Amino acid sequence: MTKYIGILTAGGDSPGLNAAIRGVGKAVVGHYGMHLVGFRDGFRGLMENRTAPLEGGQLSGILTLGGTILGTSRDKPHKMPVGGKIKDMTGVIVENYHAHGLDCLVCLGGGGTQKNALRLKEAGLNIITLPKTIDNDVAMTDITFGFDTALGIATEAVDRLHSTAHSHHRIIVVEIMGHRAGWLALGAGIAGGADVILIPEIPYDVDSVAAAIKRRSRGGKPFSIVAVAEGAISVQEQARQAALENKKVKKAKDADVEEPEIIYADRTIKLAQQLEALTGLEARITILGHLQRGGAPSAADRILSTRLGTAAADLIAEGRYGFMVAARGEATEAVPLEDVAGKVKTVPIDHPWVESARRVETNFGD
Amino acid sequence: MTKYIGILTAGGDSPGLNAAIRGVGKAVVGHYGMHLVGFRDGFRGLMENRTAPLEGGQLSGILTLGGTILGTSRDKPHKMPVGGKIKDMTGVIVENYHAHGLDCLVCLGGGGTQKNALRLKEAGLNIITLPKTIDNDVAMTDITFGFDTALGIATEAVDRLHSTAHSHHRIIVVEIMGHRAGWLALGAGIAGGADVILIPEIPYDVDSVAAAIKRRSRGGKPFSIVAVAEGAISVQEQARQAALENKKVKKAKDADVEEPEIIYADRTIKLAQQLEALTGLEARITILGHLQRGGAPSAADRILSTRLGTAAADLIAEGRYGFMVAARGEATEAVPLEDVAGKVKTVPIDHPWVESARRVETNFGD
Amino acid sequence: MTKYIGILTAGGDSPGLNAAIRGVGKAVVGHYGMHLVGFRDGFRGLMENRTAPLEGGQLSGILTLGGTILGTSRDKPHKMPVGGKIKDMTGVIVENYHAHGLDCLVCLGGGGTQKNALRLKEAGLNIITLPKTIDNDVAMTDITFGFDTALGIATEAVDRLHSTAHSHHRIIVVEIMGHRAGWLALGAGIAGGADVILIPEIPYDVDSVAAAIKRRSRGGKPFSIVAVAEGAISVQEQARQAALENKKVKKAKDADVEEPEIIYADRTIKLAQQLEALTGLEARITILGHLQRGGAPSAADRILSTRLGTAAADLIAEGRYGFMVAARGEATEAVPLEDVAGKVKTVPIDHPWVESARRVETNFGD
Amino acid sequence: MTKYIGILTAGGDSPGLNAAIRGVGKAVVGHYGMHLVGFRDGFRGLMENRTAPLEGGQLSGILTLGGTILGTSRDKPHKMPVGGKIKDMTGVIVENYHAHGLDCLVCLGGGGTQKNALRLKEAGLNIITLPKTIDNDVAMTDITFGFDTALGIATEAVDRLHSTAHSHHRIIVVEIMGHRAGWLALGAGIAGGADVILIPEIPYDVDSVAAAIKRRSRGGKPFSIVAVAEGAISVQEQARQAALENKKVKKAKDADVEEPEIIYADRTIKLAQQLEALTGLEARITILGHLQRGGAPSAADRILSTRLGTAAADLIAEGRYGFMVAARGEATEAVPLEDVAGKVKTVPIDHPWVESARRVETNFGD
């Protein structure tokens, strides 16, 4: 009996989403002869029954396209703004799933989406998810699609800032995405040869950072690049937050808040000002922001998206549901949603990348 | 008799500076058999006698290199911070020029540099300048080097932001360099297909902008890209500034302030907030900042830098001094420094680019 | 009365075609309220009545797209292969033009297209053309769209080949498009810092080339990049061809043959072999081929395509027909088709680019 | 006691070589306080005692640089052309190693280099190697540096060729490096959405290829991209070669011949001609050649090169010699040279990439 499959993209947009939709679609429709329908703007579209056809020519020419042809949103099934109120729309979503006669729903998203997908699984739906995020912080997978492309964009930015730092004898502080995990700042910092890399996992001491910059300056290099992840904090700030958390309900750690659009800029500006004061060098900041999400996926991301997408189709063909398709070396692996949801993959402080960076004289402010 | 030539780069760094240094150098040394010495960090290096050799292998491999191998600064000969005070160091500079036995000093820079160069000419030195700036606002030349590269970078950014605007149904306001002239925002706006372009030369009405965005939204496109030059202002703000200027000495218009590092971000943030309120769509901002200055020059900029550089050498060989080498079509032209200094090339409000943009439905907020 | 406009793309594909279609379309339909229909695959589509709608969403998202959404062909109205024979289909084309009730046909193409367009004008049709070609060899316009993008691609290739030439101490001969005019090889050669540039306009002496490479090698640079245009010939070959032409009807010069897909590779291979023999250095060749045509147009090409496209719409609105829209500085100019057709814009041997290149020690083999 | 380390790069040049030299150098000199000297042009430089200093500023600014600052050659210690004869220079190399007082020699290279390094190990030297090659065919490592960059370049080429294939309704056959292993063609084929991928590991039937192209054409897509690895062969050719090998000593399989500069173009041209004849569609070829080796390494390659380089330094600090530093997930592993030398890592015919490609309707000609 022919299966009917639904697909949606949720959370922040990320390069490779369309390549993954194409991978799922070509395999599901072309290879396995099933039916596929898209839902618009994440879980909201499923709730509102807004569909997008995917069996015509819609999959052609999208392999290289940034963003998502399905649209996306950060709406959660169980806490969805409807008519000015926040409601639990899980029931409506389950209803619509069945009304469409779906055999499986494929959800492409980051950490928050894995949690929402698990909720729908627990509500009885057949779910497969793919791990998408430029932050690379989804648990239980080697890597997420979007990361390699964002890494390339952030690295190119660091390269460009080198010219201006060098020509003007300046400190340039470049803020890179990642509020819980420092993968992107760490990777772009190594690849771009940043002199200082600050990530959430290694609280920094601004005096250590300034000392490292002054050492470089005395050694004849009166310019430095500081790659800072959005979520990087100083040891002082960490202590202050820890004190607060003992008193209050912690808010920032709510894993449902997938990539909130918080302004980290203030913290970055303050860091630049401190470094200027401590080193006597001019400091400038650059905030990469949404640039890191956009544009055509890299070759590596297109391959990753394609193979995760076709592996999702394989699972569906086998009738195996309730899994995230994870990248494991050059192969893929089905990981139960329960093992993924609610977890964040942060950078271990003794990770090989960190160890390697320290050996090429990168400072981590610790 | 063999001539001795000095060269320096002043003002903000810009792609193509090294290509121009190479162009001057290969022609002056290799073709004409003269001598060439670089001065570090703009006029300051000439004042402090800090030189850089350019007759060894230093010109190899720099054609593609961003920034400037000579370093740069915004220091002005007649108002230079020395020992905590602002002093007129013109005399020292003239002295050093003669101490080095120079026959000519080549100055690569933007509008401010042209003025400083004219002052040195008036102090008796033989001067040739080249027009450099990513803003394209130097008078009397078709184009400046650095502009085409920055245009490419800004356009690529607009391209990337399209993905995310489209996927999330958002307004994205992208701030592009240009505080006096809107060339870069206009060019990148056209090339990137921005829906709204705001430049200093055409004061905007935020209600017109919001209306244009709402028209698009009603027509099925609930996302818009707004390309805004740093110096773009609303008609209200313009009126307010005009009122102030009648009372006070105007400061911002002091043409000596070459590309001041003013924070335009506040204005851009406010614009995004207004548009969010007026349209009901989510708005996000991206500030490109120093990214626009960095990295390898484009092919067009390398050709431009090279031909301006070799034309400078031709003038020197002919003993013609006191000129800026301007681009005029595919040829070059020697323009007396008096005709350039103190002028700014802004975008005429009926410029062919503006007219063309209006026909592809771009809104200018007027 | 509302006008009906047709549009087609002919000749080799070129970056910027879609941007130009969009420019014409948005201005003709959105700004002037006329109707627009596309014809597929050049003049053949008009002959066969194969149309493409352009008034729906077809113009969205194509600004950045390479190739042409209309398809293209090299078919000529007066010599079209039909049913295995070459026929004059001008009559059918004129008939179809009237059957569609067209007020004007816009033809986007290179030198050959200008000639074909003139024939249709002489057959009584209202024609406007735009100058498209990566070769930049259309007469009477400052520049053609496609050139800047191809220049960027070819320059990037030269940059990359530098790494390998340098690391292996080799001569690398890179063949760049341009069988009649050397603009692309000249531009990419200057921008990429090629040591030797060979173009059709300056017949070369292989001994001079080898001597230049040996001079570099003796000076400590045992590697060289030779940028050679497809149509570059040696003085010996030129003499041989001239002798032949006195006897026979010349074929290669038939201007109807727009960018024939001739294999120039043999000539390039032979040149590399000669240089290897004469210099004692290893030589390798790279033939860029169709890579130079593809991909997203550069920012400069998108602006150029857009303004030529909207200027075409302006002419149509004024009822002025029979012109090519030429780029003249930052403005446009209507040039009578009679002044363009059959001409080729080659590189003057004393062109400022050539003069500049000689001053940075580039060898032209003469 | 301070150690003295030598380093050289051998075989074809590859992006990431300089990043790896920097990684080794910063760790060896800056982190561990040892001494480092470079040898020029591979094993030849060690034989001729031509050194390059690496303890000054030479490691600055090379992270992003293509090629190798040390130069390279394909010379083998035991079969080196000297004075017109092929000689075994192993003894001289061992002598020079000791004359320089080296404690270890780091060799960066591909499959051939691993074999040569093993020979030097067997001659008593302390050796560490890094796996470099754009072909990704070195055994016992997840990946080699250079591959990701070449993958990006080849994918970009496929993207560009899509425009022209689509616009002209053509078959485009693009030849991608890889004469023994098809990793690069496979990867770029998937990432670029090639319709047919031909690799050495899966002999193809030209009729199957033509049938797949005709199916696409009948389905409304009269254009196809064929990504073909240099070493891809038809089943017929394979049979013919097998017959020959039974009679003769096999030459092409000599693993000492690291990446011979054989002309595969003829085979590719013939394939295009066959497809043209069998499908009735126009076919064109593009041969990427040396373009795939050049230019700045990708972010992923810079990270890989850096961590392999610093891991080499760690081994040296521990006094562990005779290993290749392999990439194993995000960590590294020391693999005995004996386990690597003489092996080629080809694509398993049921590799996850192949399986995934088949599901998105890619044809492998089998």
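Chains here go by letter, A, B, C and D, matching the order in which they are written, and residues are numbered from 1 within each.
FYI, contacts are C-beta pairs under 8 Å (C-beta built on N, C-alpha and C of every residue); 3 or more make two chains touch, one makes a residue touch a chain.
In this text the structure is predicted, and so the values were computed from the model without any measurement.
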Most distant chain from chain A, judged by the mean position of its C-alpha atoms: C
Distance between chain centroids, defined by C-alpha means - chain B, chain D (Å): 43
Chain B-chain C separation of Cα centroids, rounded to whole Å: 31
Inter-chain centre distance, chain C versus chain D - centres from mean C-alpha coordinates, in Å: 35
Sequence positions of chain C contacting 2 or more other chains: 156, 159
Touch-based graph of the chains, sorted into line, ring, star, complete or other: ring
Pairs of chains satisfying the touch condition: A-B, A-D, B-C, C-D
Of all residues in chain B, those that touch chain C in their complex: 22-23, 26-27, 30-31, 60, 63-64, 142, 148, 151-152, 154-156, 159, 187-188, 190-193, 221, 296, 298-300, 302-303, 306-307, 310-311, 313-314, 329-332, 351-353, 355-361
Chain B residues within the chain A interface of the complex: 9, 12-13, 15, 17, 41, 65-68, 71-73, 153, 156-157, 159-164, 166-169, 172, 261, 284-287, 289-291, 293-295
